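Same chain, two partners: chain A is paired with chain B first, then with chain C.
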Partner chain A sequence: MFLHNLRIAWKSLRRNALLTALIISGIALGIGTSTTFAAVRHAFARHPIPEKSDVLHYVRLDSWDPLKPYPGDDPTRPPTQLTYRDAVGVMQSRIPARQSAMFKTNQYVYPDPKVGRPFRETIRMCFADFFPMFDIPFRYGSGWDRKADLGPEPVVVLSTTMNDKLFGGVNSVGKTVRIAGRDFRVVGVLADWNPNVKFYDLTQNAIGTPEEIFLPFHFVQPMQLRTAGNSDGWGTSGGLSGFEGLLQSETCWIQMWVELPNRPAVDQYRDFLAAYVLDQKKHGRFPRPLNNRLSTVKEWMDDQNVVPKQANTMLIVSLLFLAVCAVNLVGLLLGKFLARAPEISVRRALGASRADIFLQHIVECEVIGVIGGVLGLLLSLAGLAGLNAWLKATATRSDFFQLDGPMVLLAVGLSLAAGLAAGLYPAWRTCRIAPAIHLKVQ
Partner chain B sequence: MLSMRNIQKVYRTDLIETHALHDFSIDVKTGEFVAIMGRSGSGKTTFLNVAGLLDTFDSGTYHLDGEDVSRLSDAQMSRIRNRKIGFVFQSFNLIPDLDVFDNIDVPLRYRRLPAKERKERVEQAAGTVGLSARLHHLPSQLSGGQQQRVAVARVLAGDPRLILADEPTGNLDTMMSREVMDLLERINGGGTTIVMVTHAPECAARASRRIHLLDGGLVDLDAPAPGRLPERDVAALSATLA
Partner chain C sequence: MEFGPILRAIRRNKVRYGLIVAEVALTLAVVANCVHMIREARREMAIPSGFDDANLIRVTSTPFAEAFREDTYRDNERQRDLEALRRIPGVIAASNSNFLPWQGGGSSTETRPLGSRGEMLRNQMYSVDEATLATLDARLIEGRNFTKEQVRSDAERLRALFATNRPVGTDGKPRDKFTQDVVVSQAFAKLLFADGKALGKLLEDSDGDQYQIIGVIDRFYNPYGWPIHEYVMFFANNAGSFDFGVPYLVRADPARRGAVTAAIEKALLAVNNGRNLRVRSITEIKEQFQSSSSLLVRILSLVIFLLIFVTSLGIVGLTTFSVAERTRQIGTRRALGAQKGDILRYFLLENWIVTTMGLTLGVVMTYALNVLLVSTLGAVKMPVGLVLLGIALLWLAGLAATFFPALRGARVAPAIATRNV
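Moving on to the complex of A and B:
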């Protein structure tokens, strides 16, 4: 019967092509708009590393000024980053399965003169655990080992793009890259890795692309590296000036991630952080009340408002627009269905129950919904392509907005819901047609 | 087969009440071929609609094939219409988008019969009315007589106990009318009860019993005829109804 109803629906849609096109266009416009904005929101809100949702934690300690809270709309919030001293301090813990303090810096890279001229590049300084902790895939070689962190050993990991740029894409493991006047040995080249949100450093441009070069964190001192990201500070640096003063100051500029495999490890690490801060208090630091935070990736994204308020607003507006489209179609469908009263009456006379007639028309509405949904998806693809083109110019990436599986499923669901919403009342009215009136006059 | 007792059917508007059927009672036996006659507005079609469970009535009782059908749900009435009643309409009432096969198939689909059985029934019914070669024609490609034969085939495929025909020859010329009446007579000969509303005395003459309706009541009831009305009486009947 379902296939029969599909056939009837198809014939009905072909009967009045113009009206059908109008109805389907209405649905398509609504689906296209709502799916586009749902995909926009989804691009920001999608979990960038769901397989480690519960084990990765971002670390914050409240080392801020006792006289005024850390800037922001929530006075109870601790600074978003750690001081250098604290980053090095908490890295001493043996509780996390993996951990890495990190920051980004801008340095000159000196390629082979035959390849190109020196250029300035953003480099991420991190620990060996950075790569396995975030499940970063490698094309050639691997990350460095923990021993290289301590030296630090002059090793470097390149992105695929940087490897293409410096070495023409060949396996460069073992080759040398000169950065800021020092030679670094390539130990690994990343495979394509471009999480939708740069979750490991949300302090600037959350949708930026990952860095192209990764160096051991501890080169910060010998190379006197400063952050290319945000830094917030207060107070003095204990009489020290220059780079040493920065390292000893209360300036917060280091991000800190830990991998805690289970609940006991989380509790244990919380205790460790509390003990660390209480110990620092004895040395006159951490004047504010104990306020350490361990946030999962999702919590950290929420805290940093990765999903723009406008994305939420536009999604709501677009869903309302879809609802308006569906409501407008109620009238068109009602007219279309009631014009078919004689045929409905014949079907009723031949044994169709009200339920049969209702179902027949709901199937027709859903066919309209699905066709409208497919066209809406195409509209949405075009819209997202436009947004990606705009984003490429502003954020140097062109793959941020995508129609992935969940978004396609959402579009299908919205299409079916819109078809149902638009068709429910007309189908109900149609199945209530009194057959006797129309049989004589057909 | 069909037994109505004291049926009242009133159409109401804000200003006026119209008694379409007034204290209406009738019995039709299984296998009868009854012609219902009367002027326009006499209640013929209302009777047919009530008899076919297409319309409700205000009071009275109605038994169809031994079953009290006075107060049934929509689904129950639909089921009875589908299984026990076949309709033949003046304007054929074929579904224009469907070809002959699919039109005949419509009631069988609502009966949820398997595809193979439906196909057999459709082909057999189309064969009976002589339209086997036109199964895939649309109604618009058929003459009026052929369309009415499709409507009869649609009834035949459903194998109903009762056929309700509402002026089945009203839109047909004399020759086509005769063909359709021949068909109905053959079906009746097979034991199917037929109740036919008609204005045409020559059609009424082929029924085994004629009933005359006037203003929603039964005013003239022939005694069950042992045979058909003699040809010479057709003219006299026409004069009476004119």
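Moving on to the complex of A and C:
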């Protein structure tokens, strides 16, 4: 019966090919645009590390100016980053299973002169826990151990791309890389690791790619490393100048992540932070009311507006566009079906029930919906390819927008729903045609 | 006029006409809001910076040769670089400054008028030399620019000052204060002083150090993460360090811009090749900064086009069926003496009434959607003129979409009426 209905639907669609093409292209445009912009939003909003969504926490402390809050839309928000003193201070806690203060810095890398000229590279300064905490995969070797953090030992982790560039892709563990006038021993090379959102540092380009070189954090002092990211300051310099002045100042420039395996650990760590700040208050720091924040990856992404406002706007607009396409479809189907009244009357007179007629037309609508949906998927593939090309030109990333499983399911669901929603009324009207009137005329 | 019959026909086919009403209403709401967003984005993109953006070039020299760690070596190379830049044919001006227009950020500090008890006001702050204002083509409306001698002496003083820690008084602030000459933007001058008379006045920062305003420029606009786009303070200093490189701004003769851009790297490497160079036009930097806005404009334009296309399609479809269904009635009217024009007018009028109903509903929806978008996008309120324009546009689209099917209806021969009855 279903196959029979499919055949009737196919015949009916072929009878007026131009009209069918218009109907299908309308719905395909609607599905195409809404799927594209759902995928755009999804690319930003997708959880970059879902397996650790509950245990990773970003740490903020309100060390800002007593006279006014940290600038931004929301005056209750503490600064986005920590001062150097506080980062080192909270790293003393033994509560987190893993933890890392971190920042990025631009430094010169001096490759073997046969390989190329010296070049400047963005380097992430972090602790040993950085790699296991974020489940970062290794191709060769591994991260450094916690002992290397203390020295700090001159060890370095490279990305695959950097290892290709410096060592032609061979296992470079044990070899030496010269960075900013010092030699570092390679202990590990990362496998491909490219989270959709650079969640561990959202302060500048949230969809940037990870750094290619990683060094132990505590080289910050001997090498006098300054951040290549944002740094926000306030208040008096206290007369301190130079690099030591920066380290002692209230300038915020360091990101801090902790892994807290369970609820009690979270509570314990909150207490630790509160005690830390209250202790600092005794030394005349932290003039604002106690305002510490522990944010999960998702909360931190929301706080930093990782999903651009334009992505939300375009999703709303494209869904309204789909609604217009669906309303349009209702009108066209209604006309198409009602024009078929004489034929339907004959079928009814020959014994077809109302339910048969209704089902036949619903199947026809769903066929339209599915064909439109498939075309819409193709359209959105084209649209996303265009957006990726645009993004590559501006952000050196070419695979950010993708039509993954959930998005294909969404497109299929949308097209079935649109076919059904648009078809219900016309099909119902059609099956209620009184055969007698139309039979009389013929 | 056939108002009566049309209204009765509409009342009998509520759903069918209701669909057109809904479609037109939704279309107006979406189109008006899209056009509104496009205009807002365009307006923001068209804000002038106050500089000769099109002919400015940014050059960054990032040294790797260890000799650059030494201040005097770097100073010397900086002078040689500037001379080399100025020798390139087609270069109008070249300067050393860490100000980079249109990068979407920069550096900032907080100051307030000396002696005021008011809150500290945040402003952008950059170091410049005597040639920076000329390079930017910024307009000095009051006071004077820095002299070459002042850049040299101020840089020397600041270097000595920050070479060691400063002695601190009982308030935790440096005991000995310094005064620095600055050039500010007029918008910042007006923010600081209600009467806008800023020339010669003194400001202080959170250390109690003072800034004397020696010049005022207008205009200045550089987008920043915080709402301080128009507030700036320029001071005289040598910009650059070993870690962050030495930044230059170059203004080229429009006719020789390409040649200048191409010549810079070679000219500077000839001075000293212990470094890498990066040359970018401000146009490029501005396009990058505005790339998401310009993409939004293009996508919204496409959506508007498609939406009007789909809606017109719907109107064509419904009118076609409407005509087909009434073939015999049209034949009868024609047989009873109606002219082709009468039939055409009937359908056009019918469509106009339906479209107008849709537009009435659409105006309400337009403002509802605007409120929604204002809350998600922080957009501006919808201007009335734009809604009127949208109404006119959809009236036209509706009539155009009705015209051809209606014309087919008008061509129905009177004889049809007598057939098949």
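Rule of thumb we're sticking to: the second predicted complex is superposed on the first by the 432 of 442 C-alpha atoms of A that agree within 3 Å, B and C clash if a C-alpha of one lies under 4 Å from a C-alpha of the other, contacts with A are read in each partner's own complex, and residues count from 1 in each chain.
Please note the rule applied: a residue touches a chain if its C-beta (ideal position, glycine included) is under 8 Å from a C-beta of that chain, and two chains touch if they have at least 3 such contacts.
Just so we're clear, the structure is a prediction, and the values are computed from it rather than from any experiment.
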- Message: With both complexes superposed on chain A, which partner does A:Pro222 reach: first (chain B), second (chain C), both or neither?
- Response: neither
- Message: Just to be sure I read the superposition right, which of the two partners does A:Pro66 touch: chain B = first, chain C = second, or both, or neither?
- Response: neither
- Of chain B and chain C, the chain that contacts the larger number of chain A residues: C
- Query: In the superposed arrangement, which partner chain does A:Arg347 touch: chain B (first), chain C (second), both, or neither?
  - Reply: first
- Message: After the superposition on A, what does A:Pro264 contact: first (chain B), second (chain C), both or neither?
- Response: neither
- Examine A:Gly151 and indicate which partner it touches, taking first as chain B and second as chain C; both and neither are also allowed. neither
- Message: Going by the contact rule set out at the top, does A:Arg120 touch chain B (first), chain C (second), both, or neither?
- Response: second
- Across the two complexes, find the residues of chain A that touch chain B and also touch chain C. 441
- Message: Please output the residues of chain C touching chain A within their complex, sorted ascending.
- Response: 15-16, 19-20, 22-23, 26-27, 29-30, 33-34, 37, 62, 64, 66, 105, 110, 119-120, 122, 161-168, 172-175, 206-208, 225-226, 243-244, 276, 288, 291-292, 295-296, 299-300, 303, 306-307, 310-311, 313-314, 317-318, 320-322, 324-325, 369, 372-373, 376-378, 420
- Given the complex, residues on chain A that touch chain C span 19, 22, 26, 29-30, 33, 67-68, 71-72, 106-108, 110, 117-120, 181, 226, 230, 234-242, 244-245, 308-310, 312-314, 316-318, 320-321, 323-325, 327-328, 330-332, 334-336, 338-339, 387, 390, 393-394, 425, 429, 441
- Note on the structure: chain A contacts chain B in the complex at 1, 4, 8, 11-12, 15, 342-343, 345-356, 434-436, 439-442
- Touching residues on chain B, where the partner in the complex is chain A: 45, 49, 52, 54-55, 74-75, 78-79, 81-83, 87, 89-91, 93-98, 106-107, 109-112, 154, 158, 166
